[in-house]
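In the two assemblies presented below, chain A is common to both, partnered first by chain B and then by chain C.
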Partner chain A sequence: MAGFSTFQNMKYTITTILFLIASSALARGTYQEPKDFLNNIFKNNPPAIKKMWITGKTREVVTEILQHKPSRLRVNYWQKGSRSVWILDEIGKEQPVTAGIVINNGKIERVKVLIFRESRGDEIRHPFFVKQFSQAALNKQLQLDHSIDGISGATLSVRALTKLSRLALYLSQQIKP
Partner chain B sequence: MFKLRNQALLAFMLSTPLLSQAATSLQQEVDTLKNQNKMMMERLDATIETLDMMGSKNSGHGSKGKTTLGGYGELHYNNLTGDKKEIDFHRFVLFVGHEFSKDIRFFSELELEHSIAGEGKAGEIELEQGFIEFDLNKTTRAKAGLFLIPVGVVNETHEPNNFYGTERNPVEKNIVPATWWEAGAALNGEISEGLSYDLAFTSGLDLSTKNKVRDGRKKVAKARANSPMITGRIKYTAIPGLELATTLLNINDYTQGQGTINAATMIEAHAVYKSGAFGLTALYANWDVKGKPTGYDKQTGWYVEPSYKFSPKIGIFARYNKYDNQAGTAGPGNTSKQQTDIGVNFWPHEDVVIKVDFQTQDNADSKNQNGFNMAIGYQF
Partner chain C sequence: MTRHKKPLVQLKSIYQWHRYAGLSAALFIIIIAATGIMLNHSSGFKLDKIYIKANWLLNYYGIVAPQKIPSFPVTDNWVSQWDKQLYLNKKFIHISRNPIIGAVSFSNMVIISQQSELLIFTPSGELIEHVTGTEGLPSGIEAIGVTDNYQLAVRSGNGIYTTNEDFLFWRARPSAIVIWSDNSTLPASTYQSLLELYRGQGLKLERVLLDLHSGRLFGNFGIYFTDFVAVLIIFLALSGVWLWTIRTLKLKKHKRH
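After this line comes the complex of A and B, so read on.
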């Protein structure tokens, strides 16, 4: 009887899961659209988009930071005064994480995970985690000047976001006045 | 006088229709080149946009570039007393994933253990994961298929770069028992920021002819499915660097219809804390296998592992493990096993690891394997 009861429970639960799958609005992963992030940062008046070429010496350094060749030839950014905003992608385990990173006077002002596509590790989007990046700068070894404590089971996502933060700091140093 | 004459001659020449026609032609050529240059720049922009899009969003293979390939592997060398001196390509694993849509994806893990599989060979080919996952909303996912049971530290995340020591710890291997997968359906979701749950309904252990929980894994190979298993996990990760998790698991009939109905339940709890260079992992697991004779009704173990990273490339660890597969009161006396490990991991690249570690055992049966192990591992 006990086995039959458990079987009934299992059947009920699987039916519930299938019902949820069928009835839910499938929408996970996009936590903020990039344009909304820009509007939020620049108070609904974002500056014109700029493009930075990832070539020559810049490409070499970007390759060192990412530990692989960059997938883009140019990177978009938005600049107003001492602030620049970078919307960048990097693969965690299989899929790219898209992050918006605000740099102000050579330090990170804000990191926000905009789109997360992996099946595990999305805890990196939470404020308790990303606030660790606040005020981080780049040292001479192209590392952040303070350590970031990871999330167990989200190692590759944490690594991707840390690389993007270092990348945004480095690229902001390459903006020509 | 000579200069004046030249200027007059030039003025004359410019005024001729022939030269005027040449200048017009030159201007037309410049305009054509400007237009061509503009068109080329537009085409270059479009090409770069396309290349960037391909690079960032469709970096995979297969239909529409939505199929991804990954993997990991590890070669081990053991030099231990008890005549265990062997070299073994322990695991060669390929991950294949496919994104059907933004919210529905497939993931698989296919493993070749011990290099050669087949009749009379030491190795085997195993499907360790093969499931479809659905995003239900921003915080909830469901999956169905063959997947890893949400329990312990290494069961779900076991790429060699992610743990210390050549071999996975013996407590999770013999008590959890990792690596452990079953087939069924599961829900995963967030209760609040950094607090998540897993609930899985799957096939379960079959201990009808076996005593140790590790031997009850049927690996979803024509496995009897009379009595399902229910697994629940709560995980807290709201403080960076800290993970606290506990798993409860129940099978109503661990004989899968082959004997007297008896239940098996397991509780596992662990803490992982990594702050800067310092790390500490501790785990406890206990099985209550009702009705099993000779002490197999209680199978239990724990370990604690401090570690320290001198840099992102090098780290050291120590681990104390204690477990007992016959810890019940009706057991044949002291059957516990203890193992102490110390060692070093070296990561020449973030996805490549070289390991050396020493182990000493203090087993109640005195069948100790002491010595050292080495490994090289990778993931991509």
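After this line comes the complex of A and C, so read on.
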């Protein structure tokens, strides 16, 4: 009986380890290609790309939002009327999270995690979480006017996505409709 | 008489063994305890941010140059890739998981090409942006170059494409005359400086402390030796408790008499 119990324990341990390995591998992935996201937002007719330089005062504010210098000097965006779409990267723990953010009239219309490269914290891609960003705007302190509930075990990913949302809102304020 | 002497001899013997074991293990206990404390506060001490510079230790760990170092001359500069690290001359500029295919100087920018992405840098090595398929970049890039009429060009399986200065529109130009970026050998002095830089980023203090703590720094012998020290520590703890118990009991007995 003791031997059988040990065997059972080993079986459970191995199953748990395999499950953990599989779930960390599943966390990483491209959930939607940026191109497909744009086609989806603009109904297969995306406008031409525009570019914005992150220099001078903009760079200072971006540095304040990200709490580090921006990793690049120029970002792309797509604009049609009052809507603009931003595809941005920010490091969660060690790897960048790529998100597509739609801004409409100074408010977030949609946030979608497009590529997640970390081994943990991919819960941020689920609709129950990203829904919280809907209709959020930027206040004078460059913070979201909505509070965002965190997810235990995904703190850094939540922080990265919140920073990207604030960044997209700020950058959208720098363009003319 | 003999009934009294025997335990005394045994006690003396345990005392001696306890003392010898303590003396022999002292240095190793200090090393294990000190490294243990440091590893317990690894992030506080920033052990994963401190890199080992000592050549003998880097050699000991076998940290050598990668077998392949793609290197491309860009006007008076050199772009090279050491594993995942990209360098512009002797300056580290970026981490790139994919191999680089070529690099050119274009419109006061340094353009580095990978199979499905262009990395655009300022001449001082600051990243301006990534250009990918989302921006219309052809996929499966095999080469990058500049045409005779000064346009940036890439060659993929489908032919040659050129673009404008914003990298927004890619046009097929099958008959374009292009000077392609070619892999070349780094100048010896640049290679030597980069080798030092690369090796300097190869070994973290945290790794060395972990290996010292577990004994792995000295191979299999180190592991077994650490096991032996652990057994000594167990012996010290047990013999210490034993000696203290015997002594306390004796003292109590002595007081009663």
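Quick notes on this structure:
In this section, the second predicted complex is superposed on the first by the 147 of 177 C-alpha atoms of A that agree within 3 Å, B and C clash if a C-alpha of one lies under 4 Å from a C-alpha of the other, contacts with A are read in each partner's own complex, and residues count from 1 in each chain.
To be clear about the criterion, a contact is a pair of C-beta atoms (placed from the backbone, for glycine too) under 8 Å apart; a residue touches a chain by one contact, two chains touch by 3 or more.
Because the structure is a prediction, the values reported are computed rather than measured.
Once the two complexes are laid over each other on the shared chain, residue contacts for A:91 go to chain B alone; chain C is not touched. By the touch criterion defined above, A:80 lies against neither chain B nor chain C after alignment on the C-alpha atoms of chain A. Of the two partner chains, chain C is the only one touched by A:38; chain B is not. Greater residue coverage of chain A by touch, when chain B is weighed against chain C, goes to B.
In the overlay built on the shared chain, the residue A:147 is in contact with chain B alone; chain C does not reach it.
In the superposed model, A:49 lies in contact with chain C only, and not with chain B.
In the superposed model, A:72 lies in contact with both chain B and chain C. Touched by chain B in one complex and by chain C in the other are residues 71-74 of chain A.
Taken together, the chain A residues at the contact with chain C in this complex read 33-35, 38, 48-49, 51, 71-76, 87. Listing the residues of chain A that touch chain B in their complex gives 2-3, 5-7, 9-10, 13-14, 17, 20-21, 24-29, 31, 67, 70-74, 89, 91, 93-96, 117, 119, 123, 126-129, 132, 147-155, 159. Against chain A, in their complex, chain B makes its touches with residues 48, 51-52, 55-57, 59-60, 68, 70, 95, 97, 99, 101-105, 107, 133-142, 144, 153, 156-157, 162, 184-185, 187, 193-194, 196, 199, 201, 226-228, 230, 237-243, 252-253, 257, 261, 263, 272, 274-277, 349-351. Chain C makes touch with chain A in their complex at residues 120, 122, 126-130, 132-135, 166, 168.
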